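As written, the chains take the letters A, B, C and D, and residue 1 is the first residue of each chain.
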Amino acid sequence: MPTKRTLNIGLIGYNFMGKAHSNAWRQVSHFFDLSAELELKTICGRTRGAVKEAATKFGLKEFVTDWHRVITDPQIDIVDICTPNDSHCEIAIAAAREGKAILCEKPLARSVDEAKRMVRAVKKARVVNMVCHNYRRVPAIALAKQIIERGQLGDRIFHFRARYAQDWIVDPEFPIVWRLQSERAGSGALGDIFSHIVDLGRYLVGEFKEVGAAMETFVRRRPQSRDAALRRQDGAARRPYQRVDVDDAVTVIGRFKNGAIASLEATRFAPGRKNSITLEINGNDGSLFFDLEEMNRLKLFSRHDRKPEQGFRDIIVTEPIHPFIRNWWPPGHIIGYEHTFTHTIADFVKAVVARTKVQPSFEDGLQTQRVLEAIKKSVRTKRMENVPAR
Amino acid sequence: MPTKRTLNIGLIGYNFMGKAHSNAWRQVSHFFDLSAELELKTICGRTRGAVKEAATKFGLKEFVTDWHRVITDPQIDIVDICTPNDSHCEIAIAAAREGKAILCEKPLARSVDEAKRMVRAVKKARVVNMVCHNYRRVPAIALAKQIIERGQLGDRIFHFRARYAQDWIVDPEFPIVWRLQSERAGSGALGDIFSHIVDLGRYLVGEFKEVGAAMETFVRRRPQSRDAALRRQDGAARRPYQRVDVDDAVTVIGRFKNGAIASLEATRFAPGRKNSITLEINGNDGSLFFDLEEMNRLKLFSRHDRKPEQGFRDIIVTEPIHPFIRNWWPPGHIIGYEHTFTHTIADFVKAVVARTKVQPSFEDGLQTQRVLEAIKKSVRTKRMENVPAR
Amino acid sequence: MPTKRTLNIGLIGYNFMGKAHSNAWRQVSHFFDLSAELELKTICGRTRGAVKEAATKFGLKEFVTDWHRVITDPQIDIVDICTPNDSHCEIAIAAAREGKAILCEKPLARSVDEAKRMVRAVKKARVVNMVCHNYRRVPAIALAKQIIERGQLGDRIFHFRARYAQDWIVDPEFPIVWRLQSERAGSGALGDIFSHIVDLGRYLVGEFKEVGAAMETFVRRRPQSRDAALRRQDGAARRPYQRVDVDDAVTVIGRFKNGAIASLEATRFAPGRKNSITLEINGNDGSLFFDLEEMNRLKLFSRHDRKPEQGFRDIIVTEPIHPFIRNWWPPGHIIGYEHTFTHTIADFVKAVVARTKVQPSFEDGLQTQRVLEAIKKSVRTKRMENVPAR
Amino acid sequence: MPTKRTLNIGLIGYNFMGKAHSNAWRQVSHFFDLSAELELKTICGRTRGAVKEAATKFGLKEFVTDWHRVITDPQIDIVDICTPNDSHCEIAIAAAREGKAILCEKPLARSVDEAKRMVRAVKKARVVNMVCHNYRRVPAIALAKQIIERGQLGDRIFHFRARYAQDWIVDPEFPIVWRLQSERAGSGALGDIFSHIVDLGRYLVGEFKEVGAAMETFVRRRPQSRDAALRRQDGAARRPYQRVDVDDAVTVIGRFKNGAIASLEATRFAPGRKNSITLEINGNDGSLFFDLEEMNRLKLFSRHDRKPEQGFRDIIVTEPIHPFIRNWWPPGHIIGYEHTFTHTIADFVKAVVARTKVQPSFEDGLQTQRVLEAIKKSVRTKRMENVPAR
């Protein structure tokens, strides 16, 4: 047996997403058959102490504080971008120029303009590229996609209804963090969680045609975080309030090109909804329902079932026949949140080895960005706005 | 003990709503303490054979085919209007002139103009009036109202999310019926089921400020019904197709005057959703969730619960302490759809006897109509539209 | 059209069951096509004031305080026994001798001996007889029966698992009532609610072969009720404690004659379970699950479904095609607890008119009693005990 | 910072449990703060090719085919036994003699006698020992334990109701495997899955006092597996049938020493139940419900909640305040099956380092075995049998 090629990965970012991605890089070879060895070679973060600690925790020997060192490292094959949104564009373009394959956290960019430049860069460099909308690879979502593609909902979709709801900033004393600052995040709930909704809509139903939207920032000023206060030597006692200049919630109606109606929402102000994505799709032959808080399940209603026994089926998506599951555990033994990243990386690695495309690509990320931008415009104009074609 | 006064009721209409209302009139005295005797005196319908059969089935001795005879009958105290929407206005105004108390099925009217004339008539005649939005008196909904009024969701509502979904016309061969004809129904899903959503939003959250909407008619031509074909002596063999000129689905975003965001929908094209109203309300201290298909339950999340045990409570709304329940069965013994009409009529009768107001009044019906009209306008203009103040 | 025969009913008992039965007698003709007119002629109870009030509430003109007057009334065709368990036997035997058709509340009797005498009496008199196990006629249960009979669970049942759980006496200060006194009730949870479990097991799976059981009385002394104290002129201040001499809970394992294993339970000590009957049946081709607290639903798992989409179907049992539903409301409009009595009475009346048998008969009640008695014996012997054959 | 001590682990067994344990050993350091480095040094299995493949897959450099080499390896600190049940006793005793800390898969042994010898050996050798009942460390189960210990269910438990249900051998053509052979497994559903039920009962409620049981083998002959047939050079064409001499299902009633009633079941014949453990515990102040198929949730009913809003709370056990969760992801991001092993190993390693006891110990395993043996006896005698005290 010939030795497998080794792919070296450079991971930029070490917080929540850095933790999730490093786990996936470590785990994927133990569960999926890949035609390459993977080596999580280096991790990068700006704060030396913190990135060093992360390197130890995540099991890497090497860490750096300047991302340029990662992308220029000739041994690095793959750059995995897990930084806040304001650096995605610059890092990705630079990495593309260095010929690295790129996995980039969502949202791809802060604007259509940034996203376009990123797409241009990866196309020019002909590097494999992927935006990490990990929820496409929840087995239940992948099964939903198969069901739709097999025509089991019929030849016509009437409704796509989706909502991403969290509650982590309901408390007005929850401090300012980068996700609540426009400069770094680009937007609030819109880019952070609504982008997943758009991605799932495009994946499962098709391209958006038009959107109408309302947005709201429910809490407009928040205290500085204790850490930030300490860093500024202000002491925790004097925590000045700062302006929240991103959206807390966004509500959208729209139409897909295929005629389906969309009813969409994202909010960080739904007490009790921790990380809930609910989806319902209604077609002329049936319906699908999914809730991320019951991630290992998919509900399917089929008008083809015998009439007296029609009802939503509660499919436990843990059978070997289901997407990605064969690699894990026996039926009924559920998988968790982080497995979606392992699935994403398994498919990404296959594409890197085979030098093929993999979805969702940077182009997908750009198109999602166009939808987000049309939504922002609609909020300003209070009109239904067209989504520019791909 | 003095003999109770007897109230005589004239019921106009004998189909689905006639069946539901007649049941409630029969049942209410056996379960609720009312200070009047009720006599369902006469039933009215245009088709003699059918109304005669209904009279027998519903237990009435008297039936007529001309509604004028009902409203001019001096013995009649209450006129209960269960006819298709196109006759609500005319009958109600005439009944008001005769000094009758009026219960009218929803939607109150086909237009704001009709609704205004009806309000004017009942005000002038000073008769007790009510529009039959029966879902306000689902015990779980009434409990939700109490919870909100006690401030248990906090002093601020962020989101009202509601959807009324059915699937009875998904099949394109389902025939034309009056509910699918603009002339008689005024609108489709909008007036028939979305009006309940508007009513519940106004009841639970407050007045609407602005709305943006999309509408769709998914199946634009349908066969004439077998009955209609037979009546026209065409024979079932030749069932011509007729145009559907009402909406099959409507999707709405909006804002309440109190700042809450609305995400609303009604559709008759959701396979597997039989008569589903789902509501979610998020406030700064908690959330409520309700699903009409689990009508005897209400889910409540409270941020005041001890942190490790926070979670949506699944309240089975069948305790004597819950609204309306003391009159029925012991805890855990659920009630059904028709009980909501019994509750509505119990409250209506109390108002008639006491000559007080009862909600939802014709004025409520008018304000709901204003919201529906703003929605229709928004569909035309593709803009967010203001809802005129009460 | 010839005039229908009128059946006169005498109702003995006016409390919870009297309320439920009187409602069903009133309602049934309005929803079901029966070939007889029904007249709820007289109601009987020992306490004059209370029965008079009940008569008014339930809409009867006539009431008596001596049940002999009911059964000897030549105009009475049907005697409906809703009294505490200690009088079922005497009343039923006397009514049979008078040639009355008899509907008797469950449990049929306090002992096998009583039940045998009752069966003998109705057989000798050749009167139509039925024991009111109303849950057989929950539409979802009736659908479960159809599914099993159509062989959709396969040709072999492995497991029947059922539990009836309530929580109304968890509080040790809840007073003594007749249901907690052996003399009047015969047993506690066993006869009152476990008898339903036995009846449903016999209905859905078959005859029991053997049982092993444990019983417990968790609270052995309870205060006299305020009413009882008042009646004894003791004053509420001195409420003496009385011994509870019936079971609070019973747990059973067993086998059916067809080889299925039973795991059964009834308890009044399950906080949060208000009136919960959960059933699960596993066969070689599929499974059924039912929960009375979601009475309008039935869950079905079929091994014949396409493998990737197998899952428990959540059937909303409100379609016209479902048992009993055609008489009520459109799909998705749920029915309540009391409707099960209406269904029971509809079938009973048909049998009375046609002079046919109707299930569950007194013989069914007797066989259920044999199972209960084997359980009591097993509690004493601490052995598995055979259930005598029918 | 002083270098951490390194603990070397020898893993014996490489199938399902070998996969689960090796994953946990790899993962634990990345998520939990341990005061030792862990090195999964060697893996052992009898079939050379298979164990070699497993070593590669699981990321170990070393593999052996004779377990004696593992336990006598002086570098090995911890022996992790994941073999079929028939070798647990011999390996564990030998490992104890070599002074190794021991983690052993459940059931600890095939008999009380074996278990006693194992306990004696670890006591004599004073080695840290643990039986891997991983479900104790499902966060929701650990939360249930905290709730009970805080007295939130009251001072008295009435009922413990539990069931472990699977469906993997419903098909009679599913082949013989070691888990269906008494010689290797000791028992069927009893030792494999019912042992978890016993362990959870002992953990959450207390010691068992007496049990009564029924057992069944629904399919008594099964074909040899394709692999086994091939190994025997019989060819797949001639797959002889072999006798199944273990139980397919077991149903139990019983009592705890504290007076609680038990209703327990395990089955591999429940179509649609994939890996379902349902638990319900009823105390005088509240109830708990858990379902392993919704592993990240716990339902709690409290009689102390305000009366009108009482209901089972659906706690999503993913908050930092919940057991084990702080080490994983933010609220609402669920964990999977294998995380329970990671939790188990985290606690085990802490005990090894600190040389303290850890639950469930081999003594716990022995006591569980006593319950299983009393159940077997009860099946034979058809009597309620006492469980010998610890």
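Note that in this section a residue touches a chain if its C-beta (ideal position, glycine included) is under 8 Å from a C-beta of that chain, and two chains touch if they have at least 3 such contacts.
Here the structure is a predicted model, which is why all the values come from computation and not from measurement.
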### Message
Farthest chain from chain A, going by mean C-alpha coordinates, please.
### Response
C
### Task
Tally the contacting C-beta pairs at the B-C interface and at the B-D interface, and name the larger one.
B-C
### Task
Measure off the straight-line distance from the CA centroid of chain B to the CA centroid of chain C, and report it in whole Å.
35
### Query
When the centre of a chain is set as the mean of its C-alpha atoms, what distance in Å lies between chain B and chain D?
55
### Task
Give me the residues of chain B that touch two or more other chains.
273, 310-312, 316, 319
### Query
So in the complex, which bits of chain B are touching chain C?
16, 20, 22-23, 26-27, 29-30, 57-59, 166, 168, 273-276, 292-295, 316, 318-319, 328-339
### Residues of chain D defined as touching chain C within the complex
156, 158-159, 161, 163, 170, 212-214, 216, 218, 249, 251-255, 259, 261-263, 265, 267, 269-273, 280, 282-287, 301, 303, 310-312, 382-384
### Query
In the complex of these two chains, what residues of chain D are touching chain B?
143, 146-147, 152, 297-300, 302, 305, 307-316, 319, 321-322
